[in-house]
Amino acid sequence: MVLTLAVMSFIIFVLVEIMPGDAAQTVLGQSATPESLAALRESMGLDDPLYIRYGRWAGAFIHGDLGESLYMRGVQINTIFWRKVGHSVILALTALVFYVPLSLFFGVLAGVKAGKLTDSIISFFGLATMALPEFVSGIILITVFAIKIPLLPITSIIPIGETLWENLNILVLPALSITFVMFGYVSRMQRSSMITVMNSDYIRAAVLKGMPQGYVIFRHALKNALLPTITIIGMNMGWLFGGLIVVETLFGFPGLGSLTLSAIKTRDVPLLEASVLFITFIFVISTFITDMMYAFLNPRIRFKRGEV
Amino acid sequence: GGQKDAEGTQQEAEGKMIIRIADQVPNLITPGVWDGQVFSLNSSIYDYLIEMDAETGKLIPALATEWSSEDGKVWTFKLRKGVKFHNGTVFTSEDVKYTIEMTQDPDMGHLKKEDFAVVESISTPDDFTVIINLKEVLPTFMYQMTDYHMAILSSEYDYDKLGESAPMGTGPFMLKKLIPKESALLVKNPDYWQPGLPKADELRIYFVPDIDASVSMLEAGDVDIVPQISPIIKKRLEVSEGYNVVSPYQEHRYIAMAADREPFDDNNVRLAFKYCMDPEILGKACQGTFEKDIYYNETPLLNKHEQYKDIPFRGRNIEKAKELLAKAGYPDGLTVKFYYASDHPYGNEIAQTLKEIAAPAGFTLDLKGFPRDIYLSQYWMNEPLLLTGWGGRTDPSMMLTLAYHSKGPWNESHMNDPEVDDLISKIKSEIDDLQRQKYYDKLQEVFFERGTVINIQVPYLVGLSNTVQDYRQPVTMITQLKYACLK
Amino acid sequence: MKTMFLLLKRNPLAVLGIVILFIWIFAAFFGPSFLSYTYTEMDMDHQMSLPGEYNHLLGTDALGRDVFARIIYGSRSILTVALMTSLFSSIAGILIGFTSGYFGGLIDMIFLRIMDIVMAIPPLVLAMVVLGILGDSTIFSLTLIVSIAYTPATARVARGALLSCKGNEYVDAARIRNESHFFIMFVEILPNTIGPVIVEITARFAYSIMMIASLGFLGVGLQPPTPDWGMMVIENKSIIKTASWTVLYPSLAIASLVIAVSLFSDFVSKVMIHEK
Amino acid sequence: MKNRPILEVKNLDVVYKTLTDEIVALKDINLQVGERESLGIIGESGCGKSTLFYAIMGYLPSNGNSTGEIFFKGENLLEKGQKEMMEYRGNRIAMVYQNPYSSLNPSLTIGYQLDEVTMFHRRFSRKEARKVSIQSLTDLHLGDAAGIVHRYPHQISGGMQQRICIAMALLCRPDLLILDEPTTALDVTTEAVILDIIGELKEKYDMSLIYISHDIGVVNKVSDRIAVMYRGEIVEKGSQNTIYQHPDHPYTRALINCMPRSGIVKEEVRLNTIQGYVTRRSAAETGCPYIARCEKKAHDCEKGYGLKENSPHHFSACTRAYAVDVPDRERTALKKVEENYDEEKNILKIENLYKYYGRQGKKIRALDGVTVSLDRNNVLGVVGESGCGKSTMGLTVSGLLKPTKGKLFFDGMDISVSWEKRTPDTLRGIQLIFQNPGRSLNPSFTIETIIGRPMKKLLGIKSKVERRKRIIAILKKVDIGEEYLNRKATHLSGGEMQRVALARAFSISPDLLICDEPTSALDVSVQASVLNLLGDLQQESGAAYIFISHDLNIINYFSDYIMVMYLGRVCEYGRKDEVVGPPYHPYTEALLSAVPDVDPSLKKRTIRLEGSPPNPTKKIGGCPFAGRCHRQIGEICINVPPPRVEFSDTHFVYCHLSKEEMQGISS
């Protein structure tokens, strides 16, 4: 994992290096002259060779210092970063709370009723939500729940002087648009694994042991059918935490996604490093947790080492 | 709108007037090194020596109460007394000196370095007088002090370290809280030198990168002011009640045709391109309506500048354009890449319209729109055909030196015309107004004949909730929020 | 072939998907010749006119361009890019996944690690960085980026498919004939993995449509005036309240195409299962 | 019928709707099972055996539809809803399936899966249920029952899993137990143990039993009466002895005759075959289902076809099994060709071969010092339980695996390297036939490519025309018509595929053919024809065979020499008559006793081999078989490697027993 992060951090440095433009350019914008650019680059330390910059950054990073933003001079990334991370974590968890039970429930339902009308309706609905890019479904949600029926705030701005906790309603629409995207994906996944499991020999055996249908579904099928879905949910965790660029931009949500986006736009390498590494970290961690969950639900893996 | 009103009264009940603004740009505030866009924050924290009247365009005293120069070389500024910085230090001539000297700081890359290179020396005979000696005659020098980069800084404050996290000036509002990339809270400066100002008690500025989200906030009553909206949003706001879209000033959109690159090195091609123009269509594309007198000319000047010479529009003439192209050796037309910043207001509208109207004459425009940062770093100044946005300048000469003198730092169209150079220097140093206007007239004729620029002027647009009064923003682009208030 | 028809008869949704898909393909090929407007033509007197008014079937946008014409023309670029990305990412994915799975060991480990890293970067971030490097959002560069972003996933599928075939004895039989690795991978194994790979390709097809649209949303999509559907939504999303048709119809177009492709892909996987 | 019927199936029809047409899976089935009676049902794959029992359980696939009546203790099960059926399933009728591993839920403990049965049907508390579960495991001779309940299915061996499934089925003391091929997936030795236990339990619990299998030998071991199914119909039913001794239906007779059994060897008689294979039956079809494959068919076969009681308790749909108007097909013997002496006789020599899988520290000793040699034109049969290293030996010889230690000589040449380093001639000379023909032929190639490719690659025949000529010739030899040239392998039946695989191997005239269980995936009737073909081809080409199988009957039928393997080592080697008759290695003895016999009169004592072979990752000092050996003589077996005891030039055994002791073992 450390290796992954190290490689990743270096790749980011290199990529931003070959990207045209740099932080100095974005700071100075159109008024930039070669001279002013050079001066600013020097004061930002952009003149040093890549490996020195990387070394400097990495050295500080190891000590927990995320460095200073290039674009916002004098601003320590540590002072702004964790706030946005916190927001994104809350948003991600809200979204999880929305979409996981929903898509699992409907996925299981569709799987059990495979081929029936219920299944077709759920599947089609899942497809339809999946087919809309986030910004389209987001716009639809805004139009319906914020403009036509003014129930929820249109944008997810935290009023000055307040915290996210006092404004939980701003989470709803972004979380719902994530739910839109994920619902179809996860429920379809769940449906197909449910079908596979329901057609398996051991389910047949359980039914022919005289177990009632509901019991068979919940005790025998579900645990096994959840396995692939859990993997899918886990694999998307990284995306959920940091890849929400589109949703966050659309709603003006002050989270990691929009921070990452602005870091790219301003070539703010240390900020981009912090964001992407955090996302990668989440990705790696959630993969790890997924594996653990997988093992917990799947004894075949749990006892892979040792035992019998 | 209704929701907003309810909140407005609520604020009234608290007895505070709070103006809320959604700004698109992230906070970047160190004076001198920002790309001039985040005005609500800076122009509220800092003050300038001279202000411009938003209505009349006249210069009015601010931190300087008087300014004068006999010969255009030695300038004397008398400073206002009793002004304090937010941290309590008294504003003196040292601070002005410091601010101007900062432009030449080699470590900083100050954006006004070029303009202030003419400063020979600065002396401060007393705490409230500054004398500036220039190297050459420059009758328009005082205009430089209205520039948004020239916010007056305290000589005793460490801007290098604190400029981004705790910016400080003498301005009408003081920064109370800043959450980078999210929001800023400014409160009234109780000791502001201008009696009765600022009118508002608090400014709340949200940094919202997506313009649609900002406008949605306006519509939902979450903010009162959204600067820099795009024309398409203007159309959106115009159809509903409760908002105003104001355009405090005009900006340039220059189409720069590089004078030293194929195909525009041939004036026939430039002329052919000019003959394709249709101000009416361009105006409609940008604005939905057409106001002929403001929108179009072929010189670097704004039509609104008093120096502008009203040369009649040459008229759209495709036949003529084709003829000129043929003469230049392109009887079958030609393909050129057209570079522009796609995320800049009017960029897409102008680019797409140009493509459409230039096509019949044989110009095939290959549109290349990029995010502004990429456009500026990669293509600007390098490509033969560009669309660039320029803010208006208080005095047209400022623009001429920068962008049309052969040695101008931002000579994007690679203009290299001795006559133009000559006229520009004459304009710069001529003290006599009448004589200067003659040079201006001549210059504009030259541009009409063989210039490298097509100048489409577009309104800078600000969306306001209609409770906002006295939103003032002159062509210096500095928002004078101290005047603004809520009904 | 006959079973295909019978399967179709049983799956009205698949029929729907295929019909929509055909409509779009037809529209892309022949649509423009039936139109009275081009996609750039500006009807400056009728900006944002309602659908049906002034001879504009689906209305016009803020620049007075015919929405219907733009949607029809737009089917070309979107089908091209989506097709190319799914093709590129599958070719690259197959090459990488096959090499990785076939040789196993260290190569496999390195490839997997690299793919993990690429997958850990949010695809949009990756795309924006790479687009920044390439400089220009052309159909080609977009294709390249979306392909890069999707290659790891495809590679994993291809690798999985290869591994499930690799154990088959016909591979052993080929080995002890001393066939080249290339022959075994691409002549012996590839045709047999085509099932899951095709399903993956069709799924990618839908995803790339969405990703290109999202890139447009972030301002790095195709160049205007290309009538890209995602870009049409984005260009006009500000006026959704006043001229909803400018957003609605392109969104519907995206959704209908993605749904059609997904239904088709479901159908393909059904056929694949049936073939077995 | 001796007893009151407990189950009565009347006029049962089952139809499956598929995409293209309707398949008649069962047609007009009439069956009774009496109390305490055991009924065996035999038939080839696809005859509808499983369908019959899903119909009884009321659990047909969703596209299946049944009509008729099924009375269980007087109640018509077909009229019951799913809810009511719950009362019967697992409680009064229980079922055991072919594949124990896939019928146990992988994510629940064994105990949980056992307990729930009694908790539901008997409303036992968790504690009571657990007690009963452990008891029932103990009844099945599972040691450490209390420990097993905490394990998960993947943690126990296949044989144990199947015993657990049986225990589960018996928890509620059902009146009827249905076993659907419960031992097909298991080793012969395990199979023998399970069959033994089933017989024992039947007596103990007084229940009725239905035993489904395609192997008449297995059915004979446990059933009183036998019903023969063919393409959805019961074509013959009667007592065990009648069916074996005097089958009335030509299908029954053919089926019995195509099984290799003790006493039959290829030099003496070729196996009977049934041409063609079981096809699906469409709704339009009427009359005799067997007519397409019947040897004894006559012009009036359609007339009067239908199940009749021809003699007491013996029903048959046809009585032409021994009809004389159509003579029996002659079953010629395979005459061994004269040996060719101008060449070196020996073709393969394996010297002290070791093959380890896995990494250091967790090595799996798949081959642990095997020495054997094989002459031209001879067949070496290799038997042993699953996992004893048979395939590994084959793969090492073929070059797919590189030996860890030891030497291989092919035709005098050292070939102890993997395929990359072998000469094209060696690669050509050694060919492999795999167990699963479906997986050994590339499904996306045509038959022509499949056979042509090795010709091009190893014989260097560049001309397509030439290749095609040869392909047609070789296809003809394996009885496949020219019209198959452009077909894909997936469109062939299992038997056809295996014949194509043979054609591919023989197209380049190999000197040594390794057959790794070439027939165990095939139906008995097809197995016979493939075995015959293998024999013919060998005779013709003079190639030597390594013939791997776990079925001693087949080995005995087909080989010249037999090698018995256990845990990567050789137990016994010799000419086949030397190996199958005493003196034996105790393991050979156990294997022989476990082989189910087709002839029900040949009752023999089964030696129950408990447990499974030891973990191959552990190094074993003594005799690997010691732990399970019924003739173990003490510590020496565990600690000292067994010596090689030679009985003749060609016959030796590795065992601590003395020559005399071994000779004393009677058959």
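Some observations on this one:
As written, the chains take the letters A, B, C and D, and residue 1 is the first residue of each chain.
Simple rule for what comes next: contacts are C-beta pairs under 8 Å (C-beta built on N, C-alpha and C of every residue); 3 or more make two chains touch, one makes a residue touch a chain.
None of these values were measured; they are calculated from a predicted model.
For the pairs A-D and A-B, the larger set of C-beta contacts lies at A-B. We define each chain's centre as the mean of its Cα atoms; on that basis subunit A and subunit D are separated by 52 Å.
Between the CA-based centres of subunit A and subunit B the separation comes to 39 Å, rounded to the whole angstrom.
In this assembly, the C-alpha centroid of subunit C lies 48 Å from the C-alpha centroid of subunit D. Look at where the CA atoms of subunit A average out and do the same for subunit C: the two points lie 22 Å apart. The set of subunit B residues that touch two or more partner chains comprises 212, 371, 374, 378. For subunit A, residues that reach two or more other chains under the stated contact definition are 20-21, 147, 249-250, 261.
Among all residues of subunit C, those that touch two or more other chains are 132, 135, 237, 241. By the document's touch criterion, interfaces exist between A-B, A-C, A-D, B-C, C-D. Only residues 57, 59, 62, 82, 85-91, 94-95, 97, 99, 102-109, 116-117, 120-121, 151-152, 154-156, 165, 168 of subunit D touch subunit A when the two sit together in their complex. By the touch criterion given at the top, residues 13, 113, 116-117, 119-125, 128-130, 132-133, 135, 206, 210, 213-214, 217-218, 230, 233-234, 237, 240-241, 247, 251, 254-256, 258-259, 262-263 of subunit C touch subunit A in their complex.
By the touch criterion stated above, subunit D contacts subunit C in their complex at residues 19-20, 395, 398-400, 419-420, 422, 424, 427, 430, 432, 434, 436, 439-444, 453-454, 457-458, 504.
Those residues of subunit C whose C-beta lies close enough to touch subunit D in the complex are 2-3, 6-7, 10, 168-170, 172-179, 188, 191-192, 274. Residues 40-42, 44, 47-48, 62-64, 132, 135-136, 219-220, 223-225, 235-239, 241-242 of subunit C touch subunit B in their complex.
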